[in-house]
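Across the two complexes that follow, chain A remains constant while its partner is chain B and subsequently chain C.
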Partner chain A sequence: MKVAGSGLKKIAGLAGPFVGLILVITIFSLMPEVSDRFLNLANIKSVATQSVIVALCALGMTLIIVSGGIDLSAASNLALSCVLVAYAINLGVPPLLAALVGVAAGGTIGFLNGFLITRLRLVPFIVTLGMMGIARGLAKWVARNQKIDAPLSWLNELMVRTSKPSWLLVSPGIWLMILFSLVMAVLLRKTVFGRHAFAVGSNELTARLCGVRTDRVKVVVYTISGLLCGLAGVMEFSRLTVGDPTVAMGLELDIIAAVVIGGGSLSGGEGSILGTLVGVFIMAFLRNGCTMMGWPNYFQEIIIGAIIIAAVTLDRLRHRQE
Partner chain B sequence: MPEKPLLSLTGISKSFGPNQVLDAVDFELEAGEVQAILGENGAGKSTLIKILSGAYKPDRGRMFISGVEYRPSGPLEGRRQGIAVIYQELNLAPHLTVEENIMLGQEESRLGLVDRKKNLERIKKVLEFLCHPEISPDIPVRKLSVGARQVVEIARALASQARILVMDEPTSSLSQEDTRRLFEIIRKLRAEGVGIIYISHFLEEVLEIADRFTVLRDGKVVGRGLIKETSVEELIQLMIGRRISELFPRLPHQPGEVILSCSGIKSNRMSRPVDLDLRRGEILGVAGLVGAGRTEFLRALFGLDRLEQGLVVVSGRRFRPSFTAVSIGCGLGMQSEDRQVEGLAVRMNLADNLTLSRLKPYVRSGFLNGRKQKAAASRWIERINIKARSPEQKVWTLSGGNQQKVALARLLHQEAEVFLLDEPTRGIDVMSKAQIYELMGRLAADSKAVIFVSSYLPELLGVADRIAVFHRGQLVEVRPAASWTEASLMRAAVTGRESDPVLTGERP
Partner chain C sequence: MKPKVKFLPVIIFLLITVLIWTAAACRRGDKQSSGPRTYKVAVIPKGTTHEFWKAVHAGAVKAGQELGVEIFWKGPQKEDDRAQQITVVEDFISRRVDGIVLAPLDDRALMRPVDEAMREGIPVVIMDSNLQGDNYISFVATDNYQGGVLAARRLAEVLGGKGKIFLIRYLEGSASTTFREQGFLETITRDYPGIEFLVKDQFAGTTTESAYQLTENLLSRYPQVEGIFAPNESSTFGALRALQHFGLAGKVKLVGFDSSVKLIQALENNEIQGLALQDPMKMGYLAVKVLLDHIQGRPVEKRIDTGVTMATPENMNRPEIRSLLEPDFARYVR
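Let's turn to the complex of A and B:
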């Protein structure tokens, strides 16, 4: 009885963002101009592929926001990784190693974020704002302020729309997104580290009082998130086939928006992976639908802006009822 | 024919869902009197105040101010009608200056520009009336002491020409000295014809400052009368509805071997190093004024502040407290004086709060077993009588007394050997207090050790075996509780001089 009750409550709690997603999908599939194309498999695959990069970063961002932080450097971090992968391949490094270089670079930036936040006792907003400039600058420096062309390799097949080999059904990028979503969901909900991250975000002083090594938790949180941004950078390179230091400008705000639409609280202690993914897909389907309808770009921006405000308002209302 | 009372409430009722919080409450307040509203947590005091201030609307009943019906549409209307409420957690903007805080929402202005000169004149008058002309209008409120902040809040009420002043637990975070000064202010306001509603758990204070009292229990008025015709015992009996046999239940316990000894402990926030031993089966009380260094001592011992020197030995294990995880591993457990800010993660649920300092039993290779964790929390809820619906209930929805029990249950669950308790009974109801005293006794009987910091001398004398006194950041004296009296404790806390044992307690 009791278990069923709490289960229902959880479903109701997740329903908020889901309602938004279903609404977006329903509206577009009812539009006569696009109804035949919008909900077909090819289009869904393409939306999913387009979501991979934002989703990977948003997974890490969820962890950070749950622990009470914020990362403004996520998109710059991604760009740096993207450029480094291209640079490494140009040097003749095997593709797998080049990808690892990209991921490791992301992890390093994330670690630096965490290290500076805990050592200098600065707020995450400031440290990552600085890091946003530093990482972007480094990316441009490495790339000498232009795109780096690199010879094609299997790395560039990670984000294709028709999967190769065909038994994968969808592109490897989507599989990676699913895999890391599962890993992060388990990490957040089922492990001691996850519980500590929630505790630090909910009340850092209490966490410390209870013997949680809050600084260590934060450094790990930012490092994990950085690694995911690095991976997203590899995916970006895979998609673009070049290392572009100006890629993903402003994407950090989309990433944060996805987490917030999915129920993450910027004051920490709240957020979920499933919610974040729903947030990512709400934005991705909206963009896709608007493009199909031939609506101008500014229209999409206005709608997404309104959705962010509506989502957070709904979230607050739900909390008040509790 | 007497004049119409300043404030009169008739038949006020209020329910939240099925919960009847106030049931036909009548209340009258005269100009120039201090009336205490007493009752346990949950008796309906806060709801009554919120209705009075305009924050809630009553379901039934009417309110009159000087005979004129008062039906506030919201708190702003309440303030306009001359009702000022000073809440337990002060409502000041820490970054704004004293002047800006006092005049907030009532700034003197001309053509939209703030008229500083006029503002300052009003503030100066008010602060002088409150006997605190030394508070500069230009300093930011965050730089003031708690006592001074309260003066600022009262000044704000006065500047808005309040005729009815409601004070909700005004002394709970004040030192004895600040409390005395607050009482002077209250007496002055009373002489000016302000009607004051005074809510406090400190019954001695109520006896000292109030003229009349009204006792609420389960939303009903169960007693009222003149303060000079009542006693602490009678008030407690009215509040809880029956006699409590003993306010400080004592369980027999014997001090055993030394379990904790600290030598030369000094953190960056203490002014002198402290040496102290604690035995198993002992309750050590710590007295002193607010800011005397008691909390800082506990924090240093537990590794919460940066340690400059000193060592701690707990059960034979030596360490320099700097990581709370290590302290917990050695058997120390600390309960913070500030439940809301530090002690509990109030937006997390009860089970998480209770088990956070020892998740180990619910972990296998890094994975947490939530079901086991909740089952364990349920057992503790039952064992120490926490009133909660389920282990998944969010902590902020619990009453103060129950929140405190969660904080204590965490230390029990953690299987601490040495309990560092900082003001464990602050702001909680009489029944919960008695349960916490009993719990401390049980711990001591169980050969655990307790350090018990409190500003309320009767409970220190009633519960502790030895009492240490802090003054201006240093430990002044430690002696058996039996050789202290309230007067001698106070003297040591205020003057910082060791008392002459021969004279102790013999002075009238």
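Let's turn to the complex of A and C:
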């Protein structure tokens, strides 16, 4: 199986995205206007904080893409969770419970995705496309088509640039991102479930013949991913301080792009957490650098588009060599 | 199969984490270089494609040229995306610009990034839309409530003081347009008892397309409508397109807000009876100027009004109205 390649091959597999990231960082740190600012620690922290939301969703998306699926509802799911947290806090629910409501809502949407995909035997693209509209609509409904103001609480300290208990050094959101990256990496590489996810994505029929309960694997995959989107929604609320049903419009494409840049294959069976994180950071640093340079937005949109195509092309070339 | 290989990503990841941590622990070394220099000011609009923001941009560039300030013009990547506007503010804090001019997309969500900038010694001037609290240098904007009042007077005038009208709202949470809607609503209710609202709680959304659809649906539902007020450029244009589509342009009186080439044409053709005009170039100019005044230690006022004027088919060719309808920004921006 691909998973068990030699160490060298694996490094080579990761090299592509890493080269991209190093390139982006080098280019901006050589720009005379921002050279002293770009690699400044405060800026790196700020980029990391900005990456938390996309990264959390992308972790789940990696799992889904590895298992041969796709989730277009990720960003809507996030928005729904964001709105529900604000709604719950306004009802007088303690912040921790409100956050759990958001995460649980994300998990429910994810579970529904998996359930419908396996029971109705529909392709994930269609089910999650439908769920994208449903979750976004629900979010707008809960919020009555407006944003929801909620009183400030400790939840809103999760995503600050300068961490509040200063011994944390970076914001709690970044620690959560690191924690869940580790958990997901272990889950994907070290557990039977992770093997099954790869097996389902590589060849579902064979996996089923080998005794993998493919439907159950898929439902769990989508549920985990949904939970992570829910958590990302809590982080989004933390950052915005309001529940905004229109937040993260189109973000699902950024999330998928991060996975793909990081070596995930849309035909399933491939992808890694580290690669995905590199993909997330490539886009975040690019955005940050373009802003610091004062470059117009269309620049960065064109560059990111080009990077997606280049990354996948490199990936294909590498495969052909193997 | 070498099991230790599978730990590789995890180990690399841990290493990076530890690196960040150690770097974080022993930092504090960024000093500001002193000496004479041009000031760098970030100007952050709500979006970059509306005509209105191009005029603001022109004003800011004009101020920059006159006062020797380098202007960074950067909006959120997607129009009206609150989260991305926060990101842009943070990135300019990292860049350590000398000051920020911000048109907040949300009166609440942008509070914290602005607090952060002020805390780090980067002065912030708010323009166009209000921000909750008062942790900023100055607020440079149109008196939007007054704009709504002007629009109400004009619509009542062309309707002869009676009729059935739509108030099309823009977007919940957008402070500037909410004030316009409020000024309009309160003036009509108070001063013109002969005018009846058929609709006053429907939101057009951020695009021309969404405003177009809303107005079409409303026109189908209430064919008896005689007048419409729309509180910004995109909703005015959407309403105009819908009226044109129904063959009602000119028959149903339309009073809008802000200008664009298409809206000016409609004003010429008497398809629009009034446009409440702000002075976006003046807004961009004054915002940068006030910021520089503050940076250089001169006292500034906390609230600066940039004025509203009503353009009508009758007065639109007067030079002072013309310059508001078509601000001469080609000299400053593309």
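Quick note on the criterion: the second predicted complex is superposed on the first by the 317 of 322 C-alpha atoms of A that agree within 3 Å, B and C clash if a C-alpha of one lies under 4 Å from a C-alpha of the other, contacts with A are read in each partner's own complex, and residues count from 1 in each chain.
The definition used in the following text is that a contact is a pair of C-beta atoms (placed from the backbone, for glycine too) under 8 Å apart; a residue touches a chain by one contact, two chains touch by 3 or more.
In this text, all values refer to a predicted model and were calculated from it rather than measured experimentally.
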Overlay on chain A: chain C relative to chain B, clash or fit: fit
First, second, both or neither for A:287, with chain B first and chain C second: second
Contacts of A:300 with chain B and chain C, given as first, second, both or neither: second
Touched partner set for A:41, first chain B, second chain C, both or neither: second
Touched partner set for A:190, first chain B, second chain C, both or neither: both
Partner chain in contact with A:212 - chain B first, chain C second, else both or neither: first
When both partners are placed on the shared chain, which of chain B and chain C touches more of chain A: C
Shortest span in Å between Cα atoms of chain B and of chain C, once chain A is used as the common reference: 5
Overlapping contact positions on chain A, where the chain C interface meets the chain B interface: 6, 186, 190
Chain B to chain A touching residues, read off their complex: 304, 323-325, 327-329, 334, 336, 341-348, 352-353, 356-357, 359, 363, 366-368, 370, 390, 392, 394, 410
Residue numbers on chain A that touch chain C, as the complex places them: 4, 6-7, 10-11, 14, 34, 36-37, 40-46, 48-50, 53, 145-147, 149, 156, 160-162, 169-170, 178, 181-182, 185-186, 189-190, 236, 239-242, 244, 246-250, 272-274, 277, 287-288, 291-292, 294-297, 300-301
Contact set on chain A toward chain B in their complex: 2, 6, 186, 190-195, 198-199, 202-203, 205-213, 269-270, 322
Touching residues on chain C, where the partner in the complex is chain A: 1-2, 5-6, 8-10, 12-13, 17, 20-21, 23-25, 27, 30, 42, 48, 72-75, 77-78, 80-83, 86-88, 90-96, 106, 108-109, 111-112, 116, 172-173, 203
